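For reference, the structure discussed in these notes is given below.
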Amino acid sequence: MNPPASDVVPLLELRGINTHYGPVHILKDIELAIYPGELVCLLGGNASGKSTTLKTLLGMVKPTTGQVVLDGEDVTAKPTSYRVQRGVTMVPENRRLFKRLSVKENLELGAYLRNDRDGIARDLERIYEMFPRVSERLSQRAGTLSGGEQQMVAMGRALMAQPRVLLMDEPSMGLAPALVQTNFELIQQIHESGVAIFMVEQNANMALSIADRGWVLQTGRVVLDDTAAALMSNPELRASYLGG
Amino acid sequence: MLVIGLLAFVAQQINPTNPFASWVNPDANRLTGPALRDLIISGLNLGVMYGLIALGYSMVYGVLGFINFAHGEVFMVAVMSSWITSEKLFEAGLWEDFFIPSLLLTVMIAIVVSTTTAVVMERIAYRPLRGSPRLIPLITSIGVSFFLQNVAIGLFGPGAKRYPQLPEWLTARRTLLWIPGVEVEGTKILVLVVAGVSMAMLWYYVERTKTGKAMRAVAEDKEIAALMGIDVDKTIVRTFAIGGAMAGVAGILWGLLFRSVVATTGFLPGIKAFTAAVVGGVGNLGGSMAGGVSLGTAESLGPLLLLEPMGVKGPTQLKDAVAFVLLIAVLLFKPSGLFGERLSAEDRT
Amino acid sequence: MNRLLDIRNLGVVFGGLSAMNDLNFHVDEGEIVSVIGPNGAGKTTFFNTITGLVHPTSGDILFEGSSIVGLDPSAITALGIARTFQNVRLFANMTVLENVMVSQHCRTKQGAFGALLNTKAFRQEEQEIRERAHEVLSFFGSRLIGYRLDQPAYVLSYANRRRLEIARAMGTQPRLLLLDEPVAGMNPKETEELTKLIGRLRSEWGFTIVIIEHDMNVVRDVSDRVVVLDHGETIAQGSFDEVSSDPQVIEAYLGRPVEKK
Amino acid sequence: MIRNQKRLGVIGIALSLTLVAAACGGDDDSANVDATTAPTTQPAAEPAAEPAAEHLGDGSLGVVTVAAGEQIQIRSLEAITGDVAFLGVPNDRATILAVADYGQINGFDVTTGTSLDDLCSAEGGQAAAQTIVSDEQVVGVIGTSCSGAATAAGPLISESGGVMLSGSNTSPALTSDLIGNAGDNYNVGYYRTAHNDLFQGAAMADFVFNELGFTTAAAIHDGDPYTQGLAQAFATAFEELGGTVTAFTGVGKDDTDMVPVLTEVAAGSPEALFFPIFQPAGDFIAAQAPGIAGLENTQLLAADGLLVDGFLQIPESEGMYFSGPDVRFGENVNQSTGKTAAEVLAAYQSEYGEPPSAPFWGHSYDATTLLLDAVKAASWVEDGSLMIDRAGIRESLNSTSGYSGLIGTLSCDDFGDCGSQKITIIKHDSSADIEASKANVVFEFAP
Amino acid sequence: MSTIDTAHSMAAPTAATWSPSIKRLAQTAALCGLGLVFISLIGMPVKLNSRALIEPILSRGYASLAWVPVMFGYVVTKQVVLEGMVAQKRGASDVAEGAIVGAGGGLLLGILGILIDNFDLRDPLLNWSPQLLEFITFGNGLGFGVMIWVVIGGLSGAAGAGLHLLPATIRRFIMVIVVAVVGISFLETAATDLLQGLRLEFVSDGIYSKTSGLTIKGSVITGAIAAVALYGSQQLQQRRLTRLSQAPPAASGFTPGAAILNSFGDARSRLKVGLGILALILLPMVLGGIMNELLANVGLFLLLALGLNIVVGLAGILDLGYVAFFAVGGYTAAVLTSPNSPWLTPELPWFVAIFIVVVVAAIVGLLIGAPVIRMRGDYLAIVTLGFGEIIRLLFLSDWLSPMFGGAQGITNIPGVQVAGLANVKGTDPRAVFYLVMAFCAFAIYVSWRLEGSRLGRAWMAIREDESVAEAMGINTVNAKLMAFVTGAILASLSGAIFAAKVGSIFPSSFEILVSVIILVIVIVGGMGRIAGVMVGAAVLIGVLGGPSQPGLLQELAEYKLLIYGALLVWMMLKRPEGLLPNVRRSRELHGDELTQDAWIKSQVAAQDEIDSDGAGSEVPS
């Protein structure tokens, strides 16, 4: 694995993480690091432990051993809200908007921990700019939006927390093909604005086509760890999806 | 029911003897216009109090997905504590001389006590049960309800307690709004006004403030709410507290209107409010109020407008039956209540 | 061949989002058809629609030539369609035996009085139910019989739960068996074993089978025909080899690279 | 858990073996058991043929022996929990006070044991009576509070040879119609110091029709057998007198909003409204009636259920008439304890910190002293033990005549009615001076 | 203390959560004091004080307080030993902590005494009384009162904490002895009654004092017997365990049906069941009136609870208005049999009327069930509650009083004429108990047969997962209606016996409270399990008492519902599966299956996330 530069401190890091659900070993010795401004992806089939990795990063699952390091600080024991405040935010799988709340309220909730009114207003403006479709539907209930629009709101909501690293759980899941394309473009757009992105995907080709680096997870263990280009051409990748 | 009542009221104004009256039973007493109006006003009064209590049921249901059976006892605790406060103030001679400050103090104490009760209840009885099957907290809440009711009996005895007299200017009949000829007791106007204001404040709090938003977010998806940095536990406590406060307001109003309290005061209103919440659609605040009002007016009007013309003897004996029939009818035609939402995903599992 | 199940222009819309879009699908008597597709492709919704848990917004589902749209799930089961569930939904507090016995409900008819009076007909039917349950459970070798018969389903291992779910579905005596990810969570050995059993389900029990499966080895081994769903539409069908080399399918699974800006 | 179950099993087996052994132990077991349900096992052992001292009773119902150092057992059976506790609790307390005031009988203490609860229900009365009759030492019962409970308790007490004296049952079915016909639920051994309700309704009707001169009236009850019966009796009598009953209806005991029921009543514009119910529902009717169009000038009337300080103290009750037993206890003296009604009331207040919540405390006090007098009359000391003849107790009670009690002069008729049958109607003028109101009798009615 | 399961050893060791701190001690002491003050203010000590627990050294009043510091002392020094951790060494510090907590609590009670002396709060607080003050000060002045309570509290707290110092076996002995002495003392009435029936009056005369409670000698004897019994049962158990460990593991039943089937299949258990039945048949003979009455009441509620168990426990329908069917049964029987009933003159013999009762109950069950059965769980609860109230109000109403007597009820209901044998009515509780027992046996038979039948399996399937049950070919609406109707019929039988037993019937016997108490019986006993329901009925109705039925603990009658409430909450928090839960885990549970079990949970959790959102979310699951 080739981290961008050896002297840069990783923004978010998992060190020797092992996680259990009850006695079942879900994650095995996971080591990964996300550096500022990177776009990286974690690939893997069903039940490979992708979601657990994300939850561990966010503090929703406590690892049995190992450390979660955020910007040099060990946050293993810290609650989710602390990590959110320090710049880690997730766009959950299937978007999971607050469907009964309006679009605007969803966005505002993204900034729940922030108190700078002006900053919030500015960021809202930015998001309207980024997603003009969203700004047209601010007072609509989020549940009534189409899948693509919901994805935009979900991203907008996450951006409202002013993240330094954005975790994306299966951003292409359940979206029509045309939307998947747009979606990835959006991710790139966000990435270009300076936010590090950690993407968990099963849509490997699409993810790798925009990512810098990637890991492949199989039954809780990292089996491949390489640059995106190398992974793309690795035949083992296809095998892990469609069977050997 | 409300609609029938209003129609009847309009009909009254045109024809002073009730056209609904001799339906099956030609001997039925014919209601007069003022009588109908009184019924509607008292139904509304009862209804808004049911509504205020129902808000607590509804909010807790929204957030935790179970019916907090013991909420009626929170209301009882409020009525009790306001009785004790006002009684003590009366003994000290303050109630009559400084009525407004005394009343405010009573209100404050009642709200604080009922809120505390609700919060402690959550902490001891419900928080450890988070995530267990639905039936379990429901049954726990029945236990809490028994417990609180009987604690009140143990501490204060089973007898009825009287509130001190209210000043004349409050209880006097006044013209309601600017409708000439419609005179209503001041207390009843006060009940409607306070209930309206409380509802508006609650609405503002839940719909417009950040914490209200957090509350709704937690109601919908606790995990994602936590992801936004919301403290889920604290928000749940807050929900109980606000439900308790609303019950506190209802308790004060109840005390002012009926000026009497017994340890079982909370039981029937609690069940009615629970019914109101279901009629309105559990989890929907406006619905709870609407449910309360329709239940109150149904109880008030139903016996005389529907039962008596059908030849039922002593119809008001069956007013509770009318309320429950309304519940059943609503649920048969709208299984999730008048304003109930389509069930969200987590409700089904 | 006789078309057992014929789905025509099926559409399902949830709150404005379309989950199933003009889907055409058929199964012939005695076939084993696999339905594959990436996560969120609508496979489970597809099963739910056939079994009556979800009502389609358009199109028709014909079973043995007559429409089953709008029927209650129990009525559909009575006609001869049985299924398993992706996330294993056993009756956890009932025993293994009871789980299979209860699934014969629509094939039996003794009521309360028979049970109370312990009539001959009742005993006979109970006996038959029990025997059939044994027979069905014996199909999985020694895994679900013996002392396990009287264990509650929740103590079973994951693989055994999957097996029991299949057994339960077999108990309804269906003509068409819908298996939703039957080998998910099984280890390779168990998977191999079950794959063989699926073949025997057809040859020995005469079921027509539709399988949703992620494990491509299983799909390859059992299927006569593979249907690929994506976004609620059929994007390909044919033999496993045809399908697995179909670029559209590979794209559905691995996605298409994004044009880098 | 499994271990526990095994242990349970072991204990279960041991228990059943014991039982089997016990059952096989003697075939005369059933005979013995039968004997226990008969009044007493004593007479066989100690025939009462030669009384050691003069006493009432022929021993036909058995004799209870109280050994030296033991206490004479009587029981209080009242509604002490639940909705009707307001009625039963003062009765129970008055009984305890009376026992204390009475002192010893022939050197033996009297105890009421644990107060039993009739729960104001037939099933509660039955179960409690069963407890009482199972203890052969119990010589008498003060209770019940509710007529329904007495209906079920009566047969048990009666068959066991005991006596039961109630201070607050008023149902005619429990005694007689006062012209010699036993009620449906009459049992020998049943007595009461409360009035027979037969006349209260009639008294009120008479008063309203003849004294007040009203020809229209309405009645409201609360679903309690007592209030419903009283309201019904009033309505029937009023119509017989030639009046019109414009409405006869009920409320629930827990109701607070009385506007619907009052509106129903108001539709007939009655001149009088009789609501013989209890607190708190009575408070709400009194408070809300004047506000109802059509009832502004209606005369409100109630019965003994509301003739309590808690109700008389509220200003809304001013101007009302109350029917009920004569409660001008004043300086009446209980001849057995020598206490006046005022003294007993004062003792009650200081002991329990609140005034009695129902007016039958005096009746219960008198019932208790009547019973204790009867026990005294039917008992004698023999070898240091106190012997009490059950039949003597009944004999003594049956012959009660001209007894001076807190509630006035008591005489028992053939069906156990011992209280004064005089119904008085008082006018309540001022909530500030309750005692004056209680004495302000405007009408008396005696059969 | 706890043996570590190998299957769990994968979980990493975590730190023990116990650490002594001033704050925690102070908090616990405050809670302890609040408990004491609370119990005092609801009046328990003063009311119970007139009766002794152990004459003359301990009154029930003081006993009602003494357990509080003992419990807090025990709890505050309790260690939570996590897997893989070693228990901390016990020592004098534990005792000291217990003593501090207890003394703190006692101090608070003393302070209550001071407050009572100086302020008059008797107006709202009934028990803020001179009697309480006297109770607290032992009549010896405040200084003494405060001191003595600090000492009593401290000693009790230390005793509670000291329990930890003892080896587990001794601790168990102490607990059993204490429970036995307290229990036997409180159950004086029942024990005397039973001993009399067994002609062992000398025993009760020997152990009970003349006034109330056990004598000192009696307590010693009781304690000794309890200790011997415990020792004996431990020995027996030991022997059984060794036998079991040698024998191959036998199949054991899991669901009630299977369990009973199996237990019948086994000759030993058959013998046991037979002996049990025989004992039950003989029991009423040796019991006196009180106990027969009590058991008859237990039986009536058992019958009700068995019916509700089918509805709630088997089919999973939460019915809060179950009392409606009890009322329907009672009233139908009353109308048909009583000469006093205002309506329908034929005075049928009870055994004829009962068939009509069943038919009427079934019809009412169908009428109520049909609209209700399709509703969701919580809504169903409130709607059934509504129906329960409607039915009671109708029976009470003046409107229908020409039929049902309204508030006056129906009296003079004759008993049950058992051809040539007896007229079973309330004055003969033994006969009533036999009658009730016969019907309970019938209900148990029905429950047992149905549970193991096609219908019973369908009910359980619906309870477990309604939509899967539907998908497995069960017509859920019909099956649920059947459960509802079966429950209704059993309740109506209870009602009919009730009417004949009491001899009169009033609407006030059918309040909501009755429904709730029946539900509590089913839940406390263990939902869906016949034996559980039996235990629930015995413990709640027998010991505490029913809504209008006294239990063994007569003295606590005033606090009955309070205890019901507290018990219910405690059960739900600590033991939601009930006293006798529906299913037990197998001893043969394999390690690998346990592992898989945990894994599946995580799988299902993950899967649920997928299911509950996005396109798949509208699938009813």
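Here the chain labels run A, B, C, D and E in written order, and each chain numbers its own residues starting at 1.
Just so it is clear, a residue touches a chain if its C-beta (ideal position, glycine included) is under 8 Å from a C-beta of that chain, and two chains touch if they have at least 3 such contacts.
Every value quoted in this text rests on a predicted model; they were computed, and no experiment measured them.
Within the contact network of the assembly, the step distance from subunit A to subunit D comes to 2.
Look at the CA centroids: the one farthest from the centroid of subunit C belongs to D. In terms of the distance between Cα centroids, subunit E is separated most widely from A.
Geometrically, the chain at the heart of the complex, using CA-atom means, is E. Here the CA centre of subunit A is 46 Å from the CA centre of subunit B.
Distance from the subunit A centre to the subunit E centre is 51 Å, each centre being the mean of its Cα atoms.
Subunit B and subunit C have Cα centroids lying 50 Å from one another.
Subunit A and subunit C have CA centres that are 34 Å apart. Listed for subunit B are residues 157, 313-315, 317, 320, each touching two or more other chains. Within subunit E, contacts with two or more other chains are made by residues 126, 396-398, 558, 597, 599, 603, 608, 610-611, 613-615, 617, 620. Looking at subunit D, residues 81, 223, 248-250, 354 sit in touch with two or more other chains. Interface residues of subunit E facing subunit B in the complex, by the touch rule stated above, are 41-44, 123-127, 318, 371-372, 374-379, 381-383, 385-387, 389-390, 393-394, 396-399, 512, 516, 519-520, 523, 558-559, 561-562, 564-569, 571-573, 576, 608, 611-613, 617, 620-621. Of all residues in subunit C, those touching subunit E in their complex are 14-15, 17, 19, 39-40, 42, 44-45, 48, 51-54, 72-74, 77-78, 82-83, 85-95, 97-98, 101-108, 110-112, 114-116, 118, 122, 125-126, 129, 147, 149-152, 154-161, 168-169, 171-172, 185, 232. Of all residues in subunit D, only 81-83, 85-86, 89, 223, 247-252, 254-257, 259-261, 263-264, 266-268, 279-280, 283-284, 287, 291-294, 310, 313-315, 354, 357 touch subunit B in the complex they form. Taken in their complex, subunit E has these residues touching subunit C: 249, 251-255, 257-258, 262, 445-446, 449-450, 452-458, 460-461, 464-465, 467-476, 482, 486, 528, 582-583, 585-586, 588-590, 592-593, 596-597, 599-600, 603-604, 607-608, 610-611, 614-620.
On the side of subunit E, the complex with subunit D involves touching residues 51, 122, 126, 129, 189, 193, 196-199, 210-211, 229, 232-233, 236-237, 240, 272, 275-276, 278-279, 282-283, 285-286, 288-290, 292-294, 297, 340, 396-398, 406-409, 411-412, 426-430, 498, 501-509, 547-550, 554-555, 557-558, 560, 584, 587.
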